[in-house]
Amino acid sequence: MLQPNIETFIGCEASYSDSRIVLYGAPFDSTTSFRPGARFGPSAMRHESFGLETYSPYQDLDLTECAVFDSGDLELCFGNPEQALHDIESRAGKILRDGKIPLLLGGEHLVTLGAVRAAAKKYPNLHIIHFDAHADLRDHYLGAKLSHACVIRRCWDLLGDGRIHQFVIRSGEQEEFQFAKAHTDFHPFDFEGLEHTISVLRKQNAPIYFTIDLDCLDPSVFPGTGTPEAGGVSFLQLLKALRMVCTANVVGADLNELAPSLDHSGVSTAAACKVLRELLIALDTKVK
Amino acid sequence: MLQPNIETFIGCEASYSDSRIVLYGAPFDSTTSFRPGARFGPSAMRHESFGLETYSPYQDLDLTECAVFDSGDLELCFGNPEQALHDIESRAGKILRDGKIPLLLGGEHLVTLGAVRAAAKKYPNLHIIHFDAHADLRDHYLGAKLSHACVIRRCWDLLGDGRIHQFVIRSGEQEEFQFAKAHTDFHPFDFEGLEHTISVLRKQNAPIYFTIDLDCLDPSVFPGTGTPEAGGVSFLQLLKALRMVCTANVVGADLNELAPSLDHSGVSTAAACKVLRELLIALDTKVK
Amino acid sequence: MLQPNIETFIGCEASYSDSRIVLYGAPFDSTTSFRPGARFGPSAMRHESFGLETYSPYQDLDLTECAVFDSGDLELCFGNPEQALHDIESRAGKILRDGKIPLLLGGEHLVTLGAVRAAAKKYPNLHIIHFDAHADLRDHYLGAKLSHACVIRRCWDLLGDGRIHQFVIRSGEQEEFQFAKAHTDFHPFDFEGLEHTISVLRKQNAPIYFTIDLDCLDPSVFPGTGTPEAGGVSFLQLLKALRMVCTANVVGADLNELAPSLDHSGVSTAAACKVLRELLIALDTKVK
Amino acid sequence: MLQPNIETFIGCEASYSDSRIVLYGAPFDSTTSFRPGARFGPSAMRHESFGLETYSPYQDLDLTECAVFDSGDLELCFGNPEQALHDIESRAGKILRDGKIPLLLGGEHLVTLGAVRAAAKKYPNLHIIHFDAHADLRDHYLGAKLSHACVIRRCWDLLGDGRIHQFVIRSGEQEEFQFAKAHTDFHPFDFEGLEHTISVLRKQNAPIYFTIDLDCLDPSVFPGTGTPEAGGVSFLQLLKALRMVCTANVVGADLNELAPSLDHSGVSTAAACKVLRELLIALDTKVK
Amino acid sequence: MLQPNIETFIGCEASYSDSRIVLYGAPFDSTTSFRPGARFGPSAMRHESFGLETYSPYQDLDLTECAVFDSGDLELCFGNPEQALHDIESRAGKILRDGKIPLLLGGEHLVTLGAVRAAAKKYPNLHIIHFDAHADLRDHYLGAKLSHACVIRRCWDLLGDGRIHQFVIRSGEQEEFQFAKAHTDFHPFDFEGLEHTISVLRKQNAPIYFTIDLDCLDPSVFPGTGTPEAGGVSFLQLLKALRMVCTANVVGADLNELAPSLDHSGVSTAAACKVLRELLIALDTKVK
Amino acid sequence: MLQPNIETFIGCEASYSDSRIVLYGAPFDSTTSFRPGARFGPSAMRHESFGLETYSPYQDLDLTECAVFDSGDLELCFGNPEQALHDIESRAGKILRDGKIPLLLGGEHLVTLGAVRAAAKKYPNLHIIHFDAHADLRDHYLGAKLSHACVIRRCWDLLGDGRIHQFVIRSGEQEEFQFAKAHTDFHPFDFEGLEHTISVLRKQNAPIYFTIDLDCLDPSVFPGTGTPEAGGVSFLQLLKALRMVCTANVVGADLNELAPSLDHSGVSTAAACKVLRELLIALDTKVK
């Protein structure tokens, strides 16, 4: 009997009930102000992952030994950010209620807000670890409160001072940098201070939502993104940093802003796949 | 004294007060459901027009002898279709009140709704001539009423039966084709019937809003668009048809759905520029 | 309970047992002599089909009302054509034994041989209708008997004179054209003679394997293929021809030679998807 | 004993002394005003020709039976048009003196002037058949007399009224079209009148220089060119027209304006190769 | 009253009279010997700069607080280097006479010669700081004295020994490297020695023309250039170096050799925009 | 007398008999499992090398002073790996018998096996230095023993334990890493240990076959390859390492896995050309 065509991220073949981590995609980029295309990120990662090995020589572990379920992409309404966030929050909420870690594949960075709303409902003392080239701290963007450029500001509305820890930020308006200095744990340009932040959060066993905007990587490594910002971190620096974060109590996570059609060489999608593999292995190692 | 850098569509150098036609761009594509990028259409047309001649051998007239003003692009809020439509309606309204023809460069096709609202306010008996590969007659798309896939349906909400004349349609849901047969003057696949439609409208001196979705062209001629549909009309067929439409009383118009980055050869942008040149000359010849 | 991510060609959602037509992909292009990439054809068609409507305005029918099952892609061994052909023959054989029509998505054209072997086993009086830019009639290519350039010659080895009907051929060696004139029902350049051929085959109720190399289309319509040959047929000519073929007794079919990465505009994949939709609807209409 | 790597256009392997036609490339595009890249045309044609069959089903003849020598590309000085033209004239002159037909591969269209100077020296009563989208009749371009936009005007300086026969022209300044109507045998848009022109020239046995700007082709067929102009002729129309021209007394020829890097699909280079094959066979058939 | 469409580099909105720095573009690449396209550099930078923030976190300053006027692009004659240099010299001369810093956007590197001629006229004791992958010290290139490959040699003709300070050079002919060792202050491969050079020039308050060929950057960071040379400096190294140079008495500057169409990802243009922002802020900080 | 068009890698113009090193290309990629295209590597390197200087500032030597002959590409049968390996072995054998160093340009990495077979025949105590992102140590791949993923395993079949020295490996199956630890001199991630390995081999004067899979480079430097793996070495690290290897007794070498069409910027081909220039100079310096 022939089977229908199932397409998951490589090595993510646990059943939902057996899984500890659940992938879900949010193919949404309606508020992207410069170059759209992040909507195609999750499916490209799934599709190109067949060129990836499941084994990580960095962690000497194999993704096939982790318990990951890939629930596919949400069907989101372009042009209606509030509805899209509602659908994301609902999916993340279900996964959290079932005691699993939701791992969101964006899409533009605004999608993070849906997942953070769900996580903050379950964990009112939630912290956010934020890797990004951009501060994303504008109060509004051309009048819109729900924009990729405002997403961390909206998270701050929910969580308040001292809960958001930002790294590798190297672009934004002057006001955003001033806001960051006043209200977030702010580390521009690189990962300096990450080790200290994580050791503090580990002591508190604080629940952490971990959001990675892939444009934290240098554009030489990751050109396929809407707003590439020269001067980012290297792939190996990111791997090291994410493994460090995963030693703490991560309760939800996301990878955002791969826009695959902006990089015809395929290098960006391949790098994103590898970051996801390393993140899944590191998260699963911690929770299993 | 050095002058700042002014960039207009080639040959459109009348002052606003002297002009009979006014260009304005709507770089918006938030509701595009498949491949975005139409936001870059208007600036690409302006930018690449310097490779175009202003003289039309088809009409034996020169664009520099027409009275066209290029007012640049609106700054629209991505992710908020209602606000964007409001801003477009407002710009179109001003141009109409000043007795000129507004010519909108999209952007995705939804932008047409803003301009049609303004035109229908001034001309309650407005007709629409619609060239497109897609019927755009859905009542809603994933719950959204304001979507590129619904734009002509929203125009029908305003104008009712018998006012919308559709040509070259070759893609849509079964329900859209059924709706079209019941409620619009529907001509699938090609321009058959256009001559008759125009002769009737000329007799009535009916005010016409003329909306051209460039994907009415065959993808061989115009690959740079979000949803290319094989089986369209040729460039020369489109030129002939638009000159025919411009013999009637056109009070507003638009060109939509050029997504320049989907066609690295530049052929699509060059074709769109030429369609605009021919449209401007044909419109201006009629009104001057 | 969340479901895993199933990806099929749009509208092909029958169960295997209910289906009348079964899709299967052969992502193989090892023998391609010029530009490879057809291996990515089947997955690109599935992936991009979500931009397609299921309704055909040409046939006024909807793909969702057909009974098609998509069994996904075979996992084929690159560099070993004989093994790949064996796996294809085995899949086609099972579908034929279950009384369904196998519809193969290539891949390079050599994959047809596997399906033809299976069909000829069940139907010894099999005929082949062949649409292609290339004659594919070489006896060997650089010493290899199993090459995309030899596939119809290998079919002739199986079926003999008078069984192969070739259309739109416009490229080949002088010897291939001479062979064709002697041994096949040969119609270079276009579809002239197709109506007559089909009417003869209908009278005989001859079982037909229908193989479409998409490079029969003009490169303006379908640039994304390994060896584009100027001077081909239009999209509408192909649609008309394939509907004509489907009035006869087609027992197996394939679509080949989409190399999606050779056409960044996506136009070729979109055209291939539409050809597949029209072919499925036409086949299903005949058999249901 | 191993041989060094020789690269010629496919099937052009006669020795210089045996040859009747001699290819030479002019990789020059310094005066291109819009998008450069035609400098890479000749080497791309040589390089990609290995994907072409030597047999022409249109003429039922094989290029390997013609006597063509490929002398490779001239090494031209960018930024110095007069020097480049001198080098081209010198190469063309030698080939003409040796009693062979020089066939020049451009490069931008200005290169034609070098070859025409050499031909006009040998044949003072030279005529020019000119296929092009552009009139190329400007007297100067931003002050330069030697520009691709002026090349036919410079030829007219040499040859005067009644000697230049222009076809398929569909772009230019108003002045150029007026000049053409007064001074050349002018056929805008298509090949109408070609048959008559050729029959007159055949009666006179007039020596003809035949210059083909490949942008006479529609951009759907040939997007890879600096200034694509919608509304051109089809590939089959061009083949028919060039075979007609080759029944007259062609003493020199060129193919220009392929800019291969503007068309990543490779379709334009493949089409150019096929035009060259057909041109070589038609020319050789006449002279052998 | 609607305004015409003004397009400047982002944040450069001072009036000419108020400005301290004046941008002007030289879209010229006629002498480029390998891959042309730098002509599109200045307009691409202007056009894509709307994706850039005006705030520099590196210098904690905002471009909107600087006094920069963007005078647009010169209209230069392709194929005539001497005329183009004359026009550039004339524009640079006017800006210098008005007591402002001219900042030239190339274009190929030859354009620097026009600006240097103007600067050397005003400042006979001019020094040049030159960042580049290539020595550009050939005496002639295929017979041409005015070529991108000779531009620094031509500057040396004007200024003589000891005035030219070259950094990051990693490509050239053996003779160029020997010439450099004898006649320029030569620092191959990286910025070693820059600090010392600048401190000496500061002590002398020497007037400096600062020319940056963006291919000094590693191609991983800046692939969009005609002749990419592996082994270059990083973006952060370049930022640090240019800020160091701007502490001295820079009287004119340029950024060259962005060829945007060679990098479809847009990363190169984005990097060039950021280098320009940082350069403008650093220059303005020094002079205001 | 005009000469035919000879195309060699720049500066490789010795006669075969005078040469010490002989280039030969193997344009083969039939077993590539992910993205093919390496077949175009050798011709792209030859073709693009005209943009390269022959002088190496790193070694202060000029390629024109080395004695290199370029014998062009083998004509290999796609789809038949064993035949292709036989043809490669035969060419390498002849060059070795003539006392020269064969330098193979791939193609996919499987081609190395042909050259290693020839070298092991002449030098039974052959060692292999292997730079690569991938271990290439699978015993079979989807049933095939002759696959790019198995090539070093096949070499191990020939040579046994202790003869293969692997560097920069960062991708593979868990089993491959375990095999490597047991059977090869294994250095994952970077060049650590290379100096020691080379000093041991130099003491033994061991004959070395040196195989460089260019994907050892970081994808930021070299995106144009079938399976890019983030986290590789830099260009300067590779240059330093290859010069170190060339101080030992290298008897044969290859450069593999450039897939030029995957990198439209041309940066990968340019980098590969430079690696080849540096390798040729370093090899020739040792042997002359």
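To keep things simple, chains are lettered A, B, C, D, E and F as they appear, and every chain counts its residues starting from 1.
The rule we apply is simple: a contact is a pair of C-beta atoms (placed from the backbone, for glycine too) under 8 Å apart; a residue touches a chain by one contact, two chains touch by 3 or more.
Protein identities per chain, from UniProt: A, B, C, D, E, F = Agmatinase.
Since the model is a prediction, treat every value here as computed from it, not as a measurement.
Visitor: Touching both chain C and chain E: give me those chains, sorted by label.
Guide: Expected: A, B, D, F.
Visitor: Rounded to the nearest whole Å, what is the centre-to-centre distance of chain B and chain E, using the mean of the C-alpha atoms as each centre?
Guide: 41
Visitor: Hey, what residues on chain F touch two or more of the other chains?
Guide: Within chain F, the residues that touch at least two other chains are 35, 218, 220, 264.
Visitor: Answer with line, ring, star, complete or other to describe the graph linking chains that touch.
Guide: Here the contact pattern is something else, fitting no line, ring, star or complete shape.
Visitor: Mind pulling up the chain D residues that touch chain C in the complex?
Guide: Touch residues, chain D against chain C: 50-51, 53-55, 57, 60, 62, 218, 220-221, 235-236, 239, 264-267, 270-271, 274.
Visitor: Give every residue of chain D touching chain E within the complex, in rising order.
Guide: 29-33, 35-37, 39, 75-81, 83, 110, 141-144, 146-147, 261
Visitor: Using the touch definition from the top, list the residues of chain E that touch chain F in their complex.
Guide: Listed in rising order, the residues are 34-35, 169-174, 177, 188-189, 218-220, 223-224, 227-231, 262-264.
Visitor: Applying the document's contact rule, which stretches of chain E touch chain B when the two form their complex?
Guide: Residues 1-8, 16-17, 22, 24, 43, 46-47, 69-73, 94-95, 264.
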